[in-house]
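Residue numbering begins at 1 within each chain, and the chains themselves are lettered A, B, C, D and E in the order written.
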């Protein structure tokens, strides 16, 4: 397990998602190795196909870092007592998650339907947030937990009339006749954030680990921003599609190619608000654990030093130090 | 006139020639006893008569028509390794045939029909001395008891042709005599044609009206498998069952010279 | 004595778990992977006795009931398929020639890989779940039954033919009775994949069920729910397994006169 | 004749598929659920012959090789476990008392529900995949072998004791030889869950393999990849199954002298 | 002096009393032949002597010590339903015991050791007439051939106590005489103590030095299971094997009055 101590070899894991494909590319292209060598350490980037399993493995200490959303970070590692730091805020979903209806044109039509989605995931969160905007709430419909792997096939059956999912499943389903997108994450921009989370203690004891990761990441971001076809094609193939398909997914993802924008986003005043929404959602669904007396059970620290929730139990920290170094070219 | 007609029958297992050019014509109602050295093909012959196995060449016909490809209820069998149905008790094993005949769809009798079927086999049960064991499963019977059950099961069907493969091998002399009487009585009543393999020469003479001896006529000492057995002696015992075999015939049937035995046991 | 011996490995497992759990919990008291027995007991008790706020149901019992119903239906369909096809394949040489290779081939298709096709055939509701269990367990059961039929000694088939049985009578009075105990064994072994397919099916699209709950709470690594649920599933399966064995021993006494059965 | 009969259901299935596919495709030419045979053929051919840009590998062959290697290792471990534990449980009454209930219980734990524990025990590398296959297939195989040992007629065990065999000799000369054919049957039946666990394992943590590929393209509903892959998996499994049967028939000739085997 | 000592032996299966108060004292080197009605418990008695089954009460001791709980190589057996190892050829079945004795770990002989072991059983193979069939599996043998193989397998061990359960039941008279000679020769050479169940009274008198008759002494017609069998006659044939049994003794042993037989078959 990732006990807090100085060490030279590190493992981070990631799972296949449009905004995280660079991690795979960093490993295969040798960019990561180059940066790790620069700091005299060893970093292994491991692909785990099952997203939840990758977070679980990080949480139980098998990995020093893992890519996940802000929401899952709060519920799984932080809720599980693992002090976690948002090292690289990579992107936020800007239309990558959406709500689809087969019958009805507007979100309000969803009332009374069975809604297939991955329960307790960001889809669920998106639904809850979207319902607020039309004056509905969850009891007005039935959530049917559906595994993401089977979502597209499920959507092809007549039993499914409404669903919430993310890309690339979203665009596959929208390509089916008779489907319409009634809401998506661009309605709640910046609330579904994809982040490389690392163990706070490991990072504190091994700053080089953070530097190497951040350095490699932004080198790759630069390649992507410049439209490097070889890199993008490799990422597309690794995610099981082609360049065009991958670019389409990127279009609905707000990537922070530039570290400075990532820093700005993380330091913005909207983030604490977002985390409050998330914490409330999680608490309402009983995910913060049985011992959680309120949504403020787990403390979340922000770059300005402010804390949402229990200051004595801060387990999730947004820290811009390393991204700032990248922005400053100090790596 | 001839009921069972066997012509140029041959049976091979791979390279092993078991039976070779067996010709036989048996009249209806004959009680054929079959003797022969162990392993010479007697059981194989019965299995072919039963349609359990198919001859390699030659023909077998019953009443003028070739044997059907599957066993039929007009040919009964008692196997050398007596087999009864392990999932049925002694009594149910005996009632089974009646159930098949009466209950076409369920194959099972209930209530009074069942009681009367049980009644019907009660006499048989006591004839074979299994009355006390009627509720046991075959696995709970001694070897001889299983053999008696198998015999009774075959006899109850009153088949036209009855094939018996060493049916009394595991019985004590007392019960054996009872079974002889039972068999002979049914044979007379039903005009069955019986083929019975036995190693007991007295039994062969006592029960049979015709005695068939199976043996190899040709023998190649270098490859003993090369030639098969056929009917080498065919004695008419019609004069009526005899109890004591004429000793010289017994010698003909098992013509092992004393010297061989001595040579072997020295 | 046997009871005592039998308990040893269970106690051993519990001991190893307790040690590992307390080691992890002392390092991080909020650790979720190996909760203590007390934690699990409390959670399990709550799921069994405290109604859920949203629906007012007792989670554990609703999950159990729904899952067992799916399992029962799925295995029921399997047993029917196993009996009809198994006996036909084992008993009729032509059917065997025609179906055995096909059966051997399709039994090797991992059902989870063709889920989309199952969905368009059976929809996404209860039928699909029952169908997945049936599709997953039937092929092996059909094969077991067919083999059981083939294993009936040739002498017995010959014998029953000489007793004048029609094919139907042969099947009902000789083949079926000898196949029953083997079918129950096949059913007992089929419990393992059946539960796996049940859980997979409930993970795909569901709102209740033991598998549903496990996959749901996996999203926040609530091992204090998962482990008792797994233990509960195992206990249920174990009880069903023992019940089937006892039933078989009692009804098919003849089959247990020789040798032992696990 | 048997070959012809055996082909009928395969042709029937192909026909049904072709009809359903063309019906769907004529309704929506972009339909992905049931691609035409041409589409699938083209895709399969590409995966078998055109190197991937990123790695330069021929996808199909790399996937096949990696998967078969995992499968072989996993089943190998299972066979070893089945032999040691199966024979011990079947042969030694005390071991049976001690282990049989435990085995019956843990064999009923669906491995997918305790994945996190399996992963911390075995890591996430190749070991974990092999372990998942072994954990998934071994319990049933152990039970089959133990039952096979119990099914050896009591007379033979008595007989071999009177011939002066030590326990070890008894096991190697009488028990093992009679267990082999049954073990191969168990192994053949174990292929089904083995492939399922292989695919599950590869779907969770892997970057190559047949199951990984299916998992990867599943989110795009690329049935033109999935279906040929499934057919390929089935073909591989079928060939392994037949090879094992032939092997068994050839090596254990005595076991096939009476009765037929599926 | 007494080698096998049986005292107040009783065996019950559930409600069925099979053996009851059997007392017996047998000197070393005795050839005991056992006769008795089918189902009276002869095989059960042998199974107890073999430690295959456990008595319900009473004691059995050999050479002064109680029977071990498991079968041991000093007691050989030929089962009524002759059993040999199906996975071994005829020859391998015979070589097996030698392999156990020589190859402690592999239990298997190779190369020249194997050839010489095969050489050693060659004589036995031809004595029992299975030379030609030596490479066949038991399933490919006739009933009598399997029985001979089982006998040879037991004899090759040269056990101190040999238990034979109707060992010659499936053999023709010629081969049977050969087997008698073989058995008697080994018995003399090895000073074996033999218990042989047979239904052939001639055989019992020819081979035995002591004849044991098993029968029920008490009989309750209402519940025939209530009482078990015991040794009712115990004849010393020490004067040397006789070929023809005195007829009056045969009558004593199977005292079925003619009337019963008639009543049954009428």
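The rule is simple: contacts are C-beta pairs under 8 Å (C-beta built on N, C-alpha and C of every residue); 3 or more make two chains touch, one makes a residue touch a chain.
None of these values were measured; they are calculated from a predicted model.
Novice: Could you tell me which chains are in contact with subunit D and with subunit E alike?
Specialist: none
Novice: Of the other chains, whose C-alpha centre is the longest way from the centre of subunit B?
Specialist: A
Novice: Using the average of all C-alpha atoms in each chain as its centre, how far is it in Å between subunit A and subunit B?
Specialist: 83
Novice: Using the average of all C-alpha atoms in each chain as its centre, how far is it in Å between subunit C and subunit E?
Specialist: Computed value for the inter-centroid distance: 48 Å.
Novice: Return the distance between the CA-based centres of subunit A and subunit C, expressed in whole Å.
Specialist: Here subunit A and subunit C have centroids separated by 37 Å.
Novice: Could you check subunit C for residues that touch two or more other chains and list them?
Specialist: Within subunit C, the residues that touch at least two other chains are 33, 116, 120, 153-154, 221, 258.
Novice: For subunit E, what residues touch not just one other chain but two or more?
Specialist: Subunit E, residues with two or more chain partners: 81, 140.
Novice: For subunit A, jot down the residues that touch at least 2 other chains.
Specialist: Answer for subunit A, listing residues that touch two or more other chains: 56, 60, 150, 152-153, 156.
Novice: Can you name every pair of chains that touch?
Specialist: Chain-chain contacts present: A-C, A-D, B-C, B-E, C-D, D-E.
Novice: Touching subunit C in the complex: which residues of subunit B?
Specialist: Listed in rising order, the residues are 50, 52, 70-73, 75-77, 79, 81, 83-88, 96-97, 99-101, 104-108, 137-140, 153-154, 157, 159.
Novice: Where on subunit A does subunit C make contact in their complex?
Specialist: That would be residues 1, 52, 55-56, 59-60, 72, 75-76, 79-82, 116, 119-121, 139, 142-147, 150, 152-154, 156-160, 287, 289-290 of subunit A.
Novice: Mind pulling up the subunit B residues that touch subunit E in the complex?
Specialist: 13, 35-39, 41, 43, 80-81, 126-127, 129, 131-133, 140-145, 147-148, 166, 169-178, 181-182, 185, 199, 201, 224-225, 250, 254, 256, 261, 264-265
Novice: Along subunit D, where are the residues that touch subunit C in the complex?
Specialist: Those residues of subunit D that touch subunit C are 1-2, 5-6, 8-10, 13, 33-34, 89, 94, 96-102, 104-114, 116-117, 120, 139-140, 143-144, 146-147, 150-151, 153-154, 185, 189, 191-193, 195-196, 199-200, 211, 214, 221, 223, 226-227, 229-230, 233-234, 237-238, 241-242, 258-262.
Novice: Show me the residue ranges of subunit A that touch subunit D in the complex, using the header's touch definition.
Specialist: Contacts found on subunit A: 16, 28, 46-50, 53, 56-57, 60, 62, 148-153, 156, 168-169, 172, 175, 177, 233-234, 237-241, 245.
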